[in-house]
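So that we are looking at the same thing, I have put the structure below in structure tokens.
When the chains are written out, they are named A, B, C and D in that same order, and each has its own residue count from 1.
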Amino acid sequence: MSVEGAGLIRGFIETGRNLVGSYVDPRRWVTVQYPEERRATPENSRVYPFLVYDGADPEEGLRCVSCKICEKECPPQCIYIVPAQDERGRPRKHPAIFDIDISVCMSCQICVEVCPFDSIKMDQAYAWDREDRFGGLLLHKADLARPNRYYRELHPAEARVVDEHLARERELRESGVRAAVRASLPGSGEPGGGT
Amino acid sequence: MNMEGILALTGWGGLRWVGPVELFERGPVWLRDWAVGWLPEGAKVWAEGLIPAVAVLAVFGLLFGLATVAERKLLGRIQNRPGPNRVGPYGWLQFAADGVKMLTKEDVVPRSADRVLHFLAPIVMLAPVALSLAVIPYGRDLVAADPRCGLLFFFAVGSAAEVAAFMAGWSSRNKYSLLGAMRAIAQMISYELPLVLSALTVVMMAGSLSLVEIVEAQSGYWWGVIPRWHVMTPWGLAGLLLFMAAAAAASNRAPFDLPEGESEIIGGFMTEYSGFKYAIFFMGEYFGMFAVSGLAVTLFLGGWQAPLAVLEAAPSYGWFFLKLGVMIAWFIWVRGTLPRLRVDHLLNFGWKYLLPLGALNLLVAMVWRGLGGWAFPGAGAVRWLACLAMIGLPAILWGRLLMRSRGWGPRVYRYAS
Amino acid sequence: MERLASIQARIEAALPEAKLALAANPGASGQHSLVVEAAHLEAVARRLRDDPELQFDYLSNVTGVDWLDRVETDKVRVKREYQGEEIEVEESVERRVPGYLEVVYHLYSVARGTGPLVLRVRTGNRTDRVDVPSLANVFRGAELQEREVYDLFGVVFTGHPDLRRLLMWEGFSGHPMRKDYVEPDDYEYEPTPHGEVAAKASRRYAKRGQP
Amino acid sequence: MIDRGGSRRDECEAGGEDAGRLEVSMGPQHPSTHGVFRMDVVLEGETVVRLKPVFGYLHRNHEKIAEQTTYLGSMPYTDRLDYFCSLTSNWAYALAVEKLAGLAVPERAEYLRVITAELTRLQNHACQMGFMLQDLGAMGTPMMYAFREREKILDLFESLTGSRMMCNYMRFGGCRADAPAGWIEAARGVVGDFPRFLDEYEALLATNEIVMARTQGVGVLPRDLAINASASGPVLRASGVGYDIRKTDRYGVYDRFDFRVPVGDHGDCYDRFMLRLLEMRESVKILEAALEQIPAGPVIDGKVKLRNFKPRAGEAYGRIEGPKGEIGFYLISDGSASPYRYRVRPPSLINLTALEEMCLGQKVADVVVILGSIDIVLGEVDR
């Protein structure tokens, strides 16, 4: 049995408690004073994709082999790739053009998931703005390329797995090459070689 | 500060040494007399009216600015966020930025609006509210005008706001504006009655319509500690509660802000106003809130009287504005807590609840006076409790009856098997 | 499948004139469906709802499917005269299978917790015989969804209380969810009802002499 | 006859049945239509005598887009249907595809799905109540409290899925990523704190006389009409139907948790409001159990192809109990990489079927409250 009006008074007590509580209880305080304070982004956080390169050269070190899988799988179709060609006009395993239209990209991460070469990853940004609505939001290969170091900083746990995986593949490939070379040499006497 | 005394100008030409207490208390009056003294004889009578008017507008203009910031900051804290904190120290100059924004905004008038009425409505809104500020005594001898019928003047002038609301709603030629205007009329008319009725109790007890005299009737202390404010009596307490409920409705404040009702009818009668005209409306609403809060302070909270005899050293207008600040904070707290009523609930609440209780409160005040002659030990407490029960029990029971008759009440829920 | 067959038998026993057909679902979900003739749809739905043993009282989902006209090629052996002698050759004959629009209903039973029961009804073709009786009078829940199917597929629901477009604007031509719908190059220049409103308003203001 | 483009004077002069009536077009730009929803309301005084909802201002033909993209490619678009509850939309779509292709989901993934779905329910219900109170004119206080708690839940979503709102987390046959280290503990902390917020809400609102006066007996949806009009979720249960797909279909691992389904007896706005409060308490119970029981193991069936996913021909309808009601996906596969037919059953839209019945005879101020109590998101209504 409650007295009419008690509900209102309970409400006043509750808002009064919050009024005081906002000064003393950190759980009641989620506001961040934006330009001065920035909340740390968690490791999994994602905004737009970038391209990973190994070594020092952002052009030659790109892992991308322009297989166009991401272009095909991208739901809003915001990726545009043209493979590079060598002098004789044959396609090289390298992108000549790799553009992402950020104004269309919806940060879904599907390109990252489908990439078999671990060459496209998700960037993180707390705030992201450009003055030019059209050109500024079309990112080219040079804007997208980031060193592997950067990737390791952004997603340490994920990068560790990727690095291990790539190292294993490289080892396999190189040992495969070595084996092939050895196999081609007649009279190779080393035991256990080329297994 | 020289604690021994300060050379002060008391009236035109009179110089004497006064203490700081007297300086602060009498300062505003001296300043006025001094300024008037410069003028030729014919202009003095005008200046004596104009200077307080300008002073009141200036003080309340500044208070309006500060109150908007305070409201947003307090609401923010109630809602666990900081509120405005960027412009000026701790955001207290936000009102200046808002003012600049309002002034530089485009003034949009709908093509089919009645331009003359549309232009006049904000002025008609602000002017009477500003007038009603004239009769409130802000301190000892600090009142812009003290007519014998001060309270009557207050209510008479204040009701002009209804005309303004309807002018704005009708001239905008917008359906939401019209709905808002109709709500405003219905609400202001129904709530003027309980407002007047609860003020009438005070008039009856104080025996005067002059607000200055009403404040003076509340001077002194019981047993030297409890101030003889009306709120300390059962009928005064009930009167204050009734008055505040009705005042919130009369000044369109939450939870009675239906004429604006921005979640239902966009902005009510202010929908088609922008820029400076909107600012004037806004100012009018705040002035209205100040006026009714000031009146509540005057009628029930002892006006400029200090709460304790030892605190009387502080200037009297300081006490008034402190109490006014408490009233404003109360309005803000209500706004941060309660949802809005519906228009039919609002009218029901006014006519069926506040009005009968207001009438009953008159009766309680009479009984209070009648029981004043009791002289047995503990008579004071018995009288107090008897009168409180006389108004409190009917208030609770009548409220319960009204709620239950419509089937409103807490519910118990079952769970599917 | 057996359960669906028993429902079919039960309905056919109650409504002898209504013929139901089982449509098997080759997928993994096992949600087979009953195909109802358009003429008996309302009666079947009402029976499904009111039958005390079935009580399919909750129409969860109504949607359309557009099946295009298909060209199927049949291999036939025909005798042909070739260089004086008659030989049997294999020829492919093209057969045009007319397409149709299909409305699919997913029914559940709130009372019994069973479902889904999938009902399908088909229109005669995709052009002029596109009407299907409305279920809005049996299940209110069909009202908005049938409007949507009408809007996006162009199925006309006869007996619907308020058959208007739901998502596209009035005056829009075409049915976007049809498989052969061609998107216009530029949506910006589609006529909208607002043009008419603006023209009307300007006429009225001109008459009154207002600016 | 009402001239739509006309002014008040025209309507009053027109005479006849509609004389003295006011036709107001509430929306698409109106503070309380939760986006770009529009209602053509005819008022007599302040009483509603006719109400026609108008849809489509946010229509983008989601279904057509999905029929032109791959199965996987539709997943991020489902986030954008009901942008408050991306994870439940994800789940419903993943469930439909799993039914279509006959996929099984690892146990840990099922638990993660339950956890994320219930967290979604918590933040959706909290915000819905805040919005409804905002429509009642409560100046944002309850909404801010709800957003304060939602912030904590969205932080969890961000550290699990990478995005606060557009999570894109579920995959066919599991979830995209396992919970990072410490996530389960963080979630436990947030869930443990949540009842405090519920108590606060209850104290602030549940017995508030103004809330009761404004919502009790307002927007009544009778039991039979609720079923017949295919209402779902809290709207259906507030009308006295104890129908919860989590109990009926027992999808995921919901049969392992002990929770109750609250039912209202009046079908009014207050019941819809209180049911959400009670449902949140049950969700907290589910979450506590799920976070306790969650087993170790893989989160996705590694055999399911991400690219070139082509389920065999067939069809499936999968539905779950989303926060707003029954969210379902109907898919027809023709064996190719994109669905032949892709249909969303939008609970927000279908719950609006009986809107006019609920609003007739009520005041114009009630219309926004009723709309708020139904809980719609225009991204899903218009798709």
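Here is the rule we use: contacts are C-beta pairs under 8 Å (C-beta built on N, C-alpha and C of every residue); 3 or more make two chains touch, one makes a residue touch a chain.
Computed from a prediction, not measured in an experiment: that's the story for all the values here.
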Chain whose Cα mean lies nearest the overall Cα mean: D
Winner on C-beta contact pairs when A-D is weighed against B-D: B-D
Most remote chain, CA-based centroid, reference being chain B: C
Geometric centre distance via CA averages, chain D-chain B, whole Å: 44
Centroid spacing, where centroids are CA-atom means, of chain A and chain D in whole angstrom: 31
Approximate Å spacing (C-alpha centroids) for the pair chain B, chain C: 65
For chain B, residues that touch 2 or more chains besides their own: 78-81, 112, 336-338, 403, 410
Multi-chain contact residues (two or more partners), chain A: 2, 4-5, 7-8, 11, 14-15, 18, 28, 30
List of chain B residues in touch with chain D within their complex: 75, 78-81, 112, 173, 175-176, 178-179, 182-183, 254-255, 257-258, 261-266, 335-345, 403, 406-411, 413-417
Residues of chain D touching chain B in the complex: 7-8, 22-24, 30-32, 43, 46, 133-141, 144-145, 148, 204, 206-214, 216-217, 237, 242-244, 247, 260-266, 270-271, 274-275, 278, 363-368
In the complex with chain A, residue positions of chain B that touch it: 74, 77-82, 333, 336-338, 396, 399-400, 403, 410
Chain D - residues contacting chain C, complex: 4-6, 55-56, 59, 61, 63-64, 99-102, 225, 227-232, 241, 243, 248, 311-319, 326, 328, 330, 332-333, 340-341, 343, 345, 349-350, 352-354, 382-383
Chain B-touching residues of chain A, taken from the complex the two chains share: 2-5, 7-8, 11-12, 14-16, 18-19, 21-23, 28-31, 33
